[in-house]
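There are structures below to look over.
The same subunit A turns up in both complexes below, where it pairs with subunit B and then with subunit C.
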Partner chain A sequence: MEFFVVQFLTGLASASSLFLAASGLSIIFGVTRILNFAHGAFYMLGAYLAVTLTGQWSGPLGFWGAILVAALAVAVFGVITEILLLRRIYHVPELFQLLGTFGLTLILQDVVVLIWGPEDLIGPRAPGLEGAVEILGQSVPTYDLFLIVCGPVVLAALWLLFHRTRWGVLVRAATQDRDMVAALGVNQKWLFTSVFALGVFLAGLGGALQLPRDSANHMMDLSIIVEVFVVVVIGGLGSVPGAFLAAVIVSELNAFGILVLPKISIVIVFLVMAAVLVVRPWGLLGRQEGAPRQAPGATIHPWRPLRPPQQIAVAGMLVLAACLPFFAGNYALNVATEILIFVLFAQSLQLMMTVGGLVSFGHAAYFGLGAYGVALAARSLDLPMMPAVFAGPLLALLGAFVFGWFTVRLVGVYFAMLTLAFAQIVWSIAFQWVEVTGGDNGILGVWPASAVGGATRFYWLTFVVAVAGVICLRILTFSPFGYALRAVRDSQLRAEAIGIDRLRVQWTAFMIAGTFAGTAGALFAYLKGSVFPDYLAIPYSVDALVMVLLGGIETVSGAVVGAVVYKALAIWLVSQTEFSKLILGAVIVGLVVLAPEGIVGYLSKLARRIKWPLASKRDPERPAGSSEKIMRPDKEKESAVGFALKPSPAGAGSGGVEAGSQENSPPRMTKAEP
Partner chain B sequence: MKLTVSNLEARYGQAQILFDVSFAVAEGQALALLGRNGAGKSTTLRSIVGLVADRTGAINFQGEDIARLPTHEIGRRGLGWVPEDRRIFTELTVTENLEVGRQPPRPGAPTWTPEKLFELFPNLAEMRQRLGGRISGGEQQMLTIARTLMGNPSLVLLDEPSEGLAPKIVEQMAAAILAMKREGLALVISEQNLRFARLISDRAVIIEMGRIRYAGTMAELEANPEIRDAYLAV
Partner chain C sequence: MRVMLGIAAALVAGFAVSNGPAWAADEIKIGEINSYSRLPAFTHPYRKGWQLALEEINAKGGVDGKKLVVISKDDAGKPAEAVTAANELVESDGVVMLMGTFFSHIGLAVSDYAKQKKIFFLAAEPLTDALVWAEGHRYTFRLRPSNTMQASMLAEEAAKLPAKRWAAVAPNYEYGQSAVAAFKQAIAKKRPDIEWVSEQWPPLGKIDAGAIVQALAAAKPEAILNVTFGPDLVKFVREGTTRGLFKDRSVVSFLTGEPEYLDPLKGEAPVGWIVTGYPWYAIETADHDAFLKAYQAKFNDYPRLGSVVGYVTMHAAAAILEKAKSTDTDKLIAAARGLKLDTPFGPIVFREVDHQSTLGAYVGKVAVKDGKGIMVDIKYRDGADYLPSDEEVKKLRPQE
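Let's turn to the complex of A and B:
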């Protein structure tokens, strides 16, 4: 009994710094609608700065001063980030903001290693709180008790700030309706900056306060950001008390899960998140979100299948790609094969994201399931490649069948987080079920049949499968099924009113995307000859996401280009420099700022502008004035047609933020599934 | 002139909504912007406060061109806007809703305090601590106007203030708006309801298909049933 009490207290202590980081993320999201992926990096920065500063300054004043200064320094850095980066991208679709802050995270990871080195750094103990207190015969670190008090104190302080100050009232008002707040004479620019500063300060403080308990290391940003996302989603986005409640729940689950069920300790919070989201799709204390400000994929330039000149160009490139083995060595062929696999993987995600508007943060689950399906069939069942290779897509389809049923019931960020949760669940099964999957050691010796063995033959096999897969996915996009999928993406209510079964259409898309991802994973298993739990993990999901965004979220097959560019760049950078993440991050940030429509989106915009023959010339064909008839200026149509969904030119007349968002903020009319 | 709008054009994407819209409001005057649903009334008002990104034309407010200013700068110059769909902050109390709109007193414009506004809208006085989402539609409409008045504006754009209100509340609304006018506020009121508009307005402009079709005094319009029937009759 005593032991449980102590364990409970340990959990509460962990909850505090988790709550600090999570409340910061929640506040930032509530007002700016930016899902700040770099929040974990700011947390990490707070910890590292605290290490340095506590090393410089001694004594109790020095320690607490260092903690505070570290958090403030992180806040200043956050303000600079907001002014230099985020202000430029408030008008672009939400996902690009996520991508931009992801790029920032990559940069900071390498910067931290550059400054502080790759080793874990241990901070000093808090002066005056070094000892332990006897509670029920067990000793509890005094610092833990201090942290336990910290959480509720910060919660109370935040409550007072938001309810008893004018700034807080303005922030809460802006959370609901930014344009109205602007019309009442409030400069949102500085409101956003101050909110961002507060949120980042809390992250930095959380990181710094954690120091006496844990070391600072350059991987902590990713582990904390995942936990913070989970907390914020369980608690409900934008709800600070929700974040507190969820931080306590998650920390206690961690504290007790490890005692009760050590095997599933890693996955238990994700299981809880999945359970919460299935029962309460907007988190414990969250409220139903309005429609996303800018639906991904909605475009005023309707897609078309490739026209003959474009087809010829693509065919030419394909012939070139097919001839690669005649002039490339084995290493180059292996790289090219890997890129082709990711082309298929990324394109399968694009079907979901762009055509379906379903942004998955856990697409690697199906990629990894494909790999494991093959590996298990080949190694455990000793099947030859021919039947075994089909086990991959089949297992992925099965996974998508089960998980898809749950996830398509949610929307937006919550959908993304539930897909992430399922991916983490699959990952931890692969990681923990050592008897079957080999756990961390993976499954080795998965080699292709001799008929397709060797770099050249396997390249050709992959080439054929990837090209066929991409063509299939394109055909689907322009099929009646694709139209139905786009219809539910653009206007769920209207689509349902004309008889489209939203859940079934999206579920089907989920399964199709999962199957193609599984196909890519199956090829990947044979390429590498081995399968590891990593294939299911977050970095692979993020890679796919970045490829789609890089290529262009508003394009049909931008992912193909995105995958080639991203993968080639990543592989090349790793071979050239130690700081590949720094450069990759800088490239991503630069791209988000300069060409938020992605590479393919940017090129086709350029082509439209100069009327390049390969571009789809549309404007001359449209009868003059026809658009006026379609787009009558009554409010309802305004929001549904979605012509304001293209990122508006930055700062057009009114500073970007105000400019783009009003025409498409119809939260009142778009009702999501309860 | 308090507000002069010249050659205003506005678009949403490919669709042009306003064509060469021009009108002016004098100091302390009330102008009715009349027209059917979808004629472009709301877009005109939203363009003036800078909420339509794609617009051209000149908007002169108190001798200054505000057409290129961001929305909050327009609000800070004393040009208030009351949207038709109310847009109350539903999670904030009535008092907090007023707080969001608060701006310092402005020379040449009437100064409002919460107490003075509760006199103007007695219904609101009893619900100071009630959440904005928990009051009736009529009370929300009053709160929207009161919230804008907290900025001590010298001109207020009212977008269909009588829409969807019970007849009794419409009367109260008309009385409140007349009281605002007596304080010296210039008003632009977009309306479909001619009876309501004529209670308040001195001049009228009729807009149809995004173009101005008529401009004159309210009295002339009343004497001219053909115009009324052509552009306003349902």
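Let's turn to the complex of A and C:
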């Protein structure tokens, strides 16, 4: 009995530290709708600054002063980030803010090592709270008790701040209806900045308060970021009490779970999230969100299949690419093969994200299942390559079939996080089931058959599969199925009114995307010769997301360009420098600021500007130059679910987007993209 | 569209240029891969180690009158990137052999690549037994004492303890699992009376230390086996100390005596733990002295275990090339089998039967001196004494 009480207290202490980190994220998202990927980086920065400052200042005052100053310094840094980076990209599709903060995270990871060195740093223990207290005959660290108090205190302070101050009222108003608040004359800019500063302050504080328990190390950002996202989502987006509740549930389940199943920690948060989201699709204390998604900005320039001149240009490039083996060496061919595999992987995600409006944070699950499918068929069943290669897409399809059924019932961030939960569950199975998957050591010796072995032949095989895959996905986009998918994305109500079954259409899209991702994964397994749980893990999901966003989320095949640019750059940077993350992050941040519509989106915009300057002047309905400039969020509908794609003034409110936008568009308008 | 064409053209041009390595007849190129950006605390000292060795080798005229050149690549901690890097080194840079790697799964990925491409691979740091046994093959050799070897060294000390009730805490991945399994097996041979009362498997890098410490204490073990390291170790030690877990209990711990893991703990280093590690301040042999002086003179820093591993790996590579008198892979393998080498830890040999070197490790107890953790009562354990016999290895390792 005593033991269970103490274990419960221990769980509460963990819950408090988790909540401290998560509360800031919840606040930032609730108001600004920014998915702040850099939250973990701010947390890490708080811990590092606290190590430095506690080293300088001694005594109790010095210690607590250092913790506060560290958190404040991080908040200042957050404000600078907000003003310099985020303010420039509030108007673009929301995921770009995720991309921008992802770039920032990459930069900070290397910067921290440059400033503080590679070794883990340990800070002093909290003065006065070093020891332990006897509770029911068991020692409980005093600092744990302090944390247990700290969490509810912060929760209460936040509640008072939001309910008893004018600032809090404005913030809550902005959470519900940003445009109305703006219309009433509140300066939104500074409201957002102050909210961001508060959120980042809490992240820094959370990191700094870990000091007496943890070391400051350069991996702590990634080890916390996913967990706090999960906690925020379980609690319900924007709900601070929800985040607290979720932190307590997750921590207590973990504290007691390990007594029964010592290996449960690795997956427990994701199991909880999957269970909660399946039962309550908007989190524990989140509000049920309004009508689903809005028309994305892209629909004011409706997608068209490529016209003959473009087809010729693309065909020319394909011929050029097909001839690569005649003038490139084996290494270059292997890199090109890898890029092609990622082209297919990213394009499969683009079908879901752009055409379907379904943003997946766990697309690597299907990529990895594809890889494991072939590896298991080739190594465990000893099949030759020819039948084995089909096991990959099949396994991925099976995965997408099962997980898709659950996930398409959700919308927006909840959908994204449930895909992530399933991906993590699959990952932990691959990681834990050592007898079958080899666990962490993976499955080795998955090399292609000699008929397609060797750099050249395997390149051609990949080339054919990837090109055919991308063409298939494009054909699907412009098929009746693609139109149905776009219809449910743009207006669920109207689509259902004309007899389109949203769930079935989206589920089908999910399975198609999963199968193509699995195909890419199968090829990847043969390219690398070995398969590891890594392939199912978050970094590959993030890579795919970044590729689509870089290429342009409002384009049909931006992912192709995004994948080529990102993968080529990443491989080259890793090969040439040790600070690949720093440079890659800087490039991403630069692109987000300069070309927030993605590379292909930016080029299309340029092309439109150059070709039809007169047309836009003639057309009073059409915002000058480019309509993207003033894409403003559209009231609460947007804040509810306009997660992936924000509406544009021209697109909003017009269900017949195609027809409506054609009226507004210049006659020969088209998109300059492959 | 035009820009797309431009990108394509640039890529094509890039490939064309990068094709075809420039050869210099008086050079021998070695390819080196490690997780520099992912694990700088361990790999940067490692790099200093091989850089020092490389300098020494070339100062003595290189190998066979040819200058040794190392082309070093980062793998970003990902096996797929490591294979890409290996491929670049082999296909594009034309290296004669590969060396390096830290993580077990990355070591295995590169080893499998080496097998497929028939290129010599000298694994430096990966600890998994699979590298030379279950997944062993003729192209891969390994320097560092494996999981089972270190487990046997620790089990030997642990068997002397009176404790009968044991608990284990280890990171939940292959390294942790096989370390615990190997330790259990080794100690069971000497002490059949031992029972295991609790096991905890926190995820790597995400230990919930308070809960784990409580759970371990609840099982009332007399001794604890620890395999956590890095940030997890710091949390575990702090929580365990505060909650009195280590009071009147023996703890046996993998790797904790290595400066990489012991130094961050500073004055909170867990006194009395029986550990494997590298007490550079206490080794008094002429070979180590020479290495230590050279290292400190060059880098103005003390060596970590990684430094020794990098240093010895580089010298081993040079010795293999020297003995083979050729860069032909088969001749390199023949030369490496049974190769004898003097190291800062003493003489080692690469065993013919499983390509594992007999490099050993230091075993001792943790103490705190001047606010820093150190190892005391150190003993060097020669790896040769902890490796299975040829017959046993033949059962473990696929035969050619």
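General observations
Here is the rule we use: the second predicted complex is superposed on the first by the 601 of 674 C-alpha atoms of A that agree within 3 Å, B and C clash if a C-alpha of one lies under 4 Å from a C-alpha of the other, contacts with A are read in each partner's own complex, and residues count from 1 in each chain.
The working rule: a contact is a pair of C-beta atoms (placed from the backbone, for glycine too) under 8 Å apart; a residue touches a chain by one contact, two chains touch by 3 or more.
Computed from a prediction, not measured in an experiment: that's the story for all the values here.
In the superposition on chain A, A:188 contacts subunit B only, with no contact to subunit C.
In the superposition on chain A, contact is made by A:166 with subunit B only, not with subunit C. Between subunit B and subunit C, more residues of subunit A are touched by C.
Look at A:141: by the touch rule set out above, it reaches subunit C but stays clear of subunit B.
Look at A:111: by the touch rule set out above, it reaches neither subunit B nor subunit C. Legend: residue contacts after superposition of the two complexes on their common chain; A:120 is shown touching subunit C, with no touch to subunit B.
With both structures placed on the common chain, the touch criterion links A:263 to subunit C but leaves subunit B unconnected. Applying the stated contact rule after C-alpha superposition, one finds that A:408 touches neither subunit B nor subunit C. Subunit A contributes residues 3, 6-7, 10-11, 13-14, 110, 113, 118-122, 125, 130-132, 138-141, 143-144, 212-215, 217-220, 223, 227, 251, 254-255, 258-259, 262-263, 265-266, 310, 313, 317, 320-321, 324, 327-332, 334-336, 338, 431-432, 434, 439-442, 444-445, 447, 455, 524, 528-530, 532, 534-535, 539, 561, 564-565, 568, 571, 574-575, 577-581, 603, 607, 672-674 to its touches with subunit C in the complex. Of all residues in subunit B, those touching subunit A in their complex are 12-17, 37-38, 40, 42-43, 46, 49-55, 67-76, 81, 83, 85, 87, 89-92, 96-97, 99-103, 147-148, 151, 210.
The part of subunit C that touches subunit A in the complex is made up of residues 1, 3-5, 7-8, 11-12, 14-16, 18-20, 36-37, 39-41, 44, 73-76, 78-81, 83-85, 87-88, 91-92, 104-105, 108-109, 111-113, 115-116, 128, 130, 135, 172-175, 177, 199-203, 205-206, 208-212, 214-215, 217-218, 230-231, 234-235, 238-239, 242-244, 260, 263-266, 268.
Interface residues of subunit A, counted against subunit B in their complex, comprise 166, 169-170, 172-173, 175-177, 179-188, 300, 627-628, 630-635, 638, 641, 643-644, 646, 648, 652-655, 658-660, 662-663, 668.
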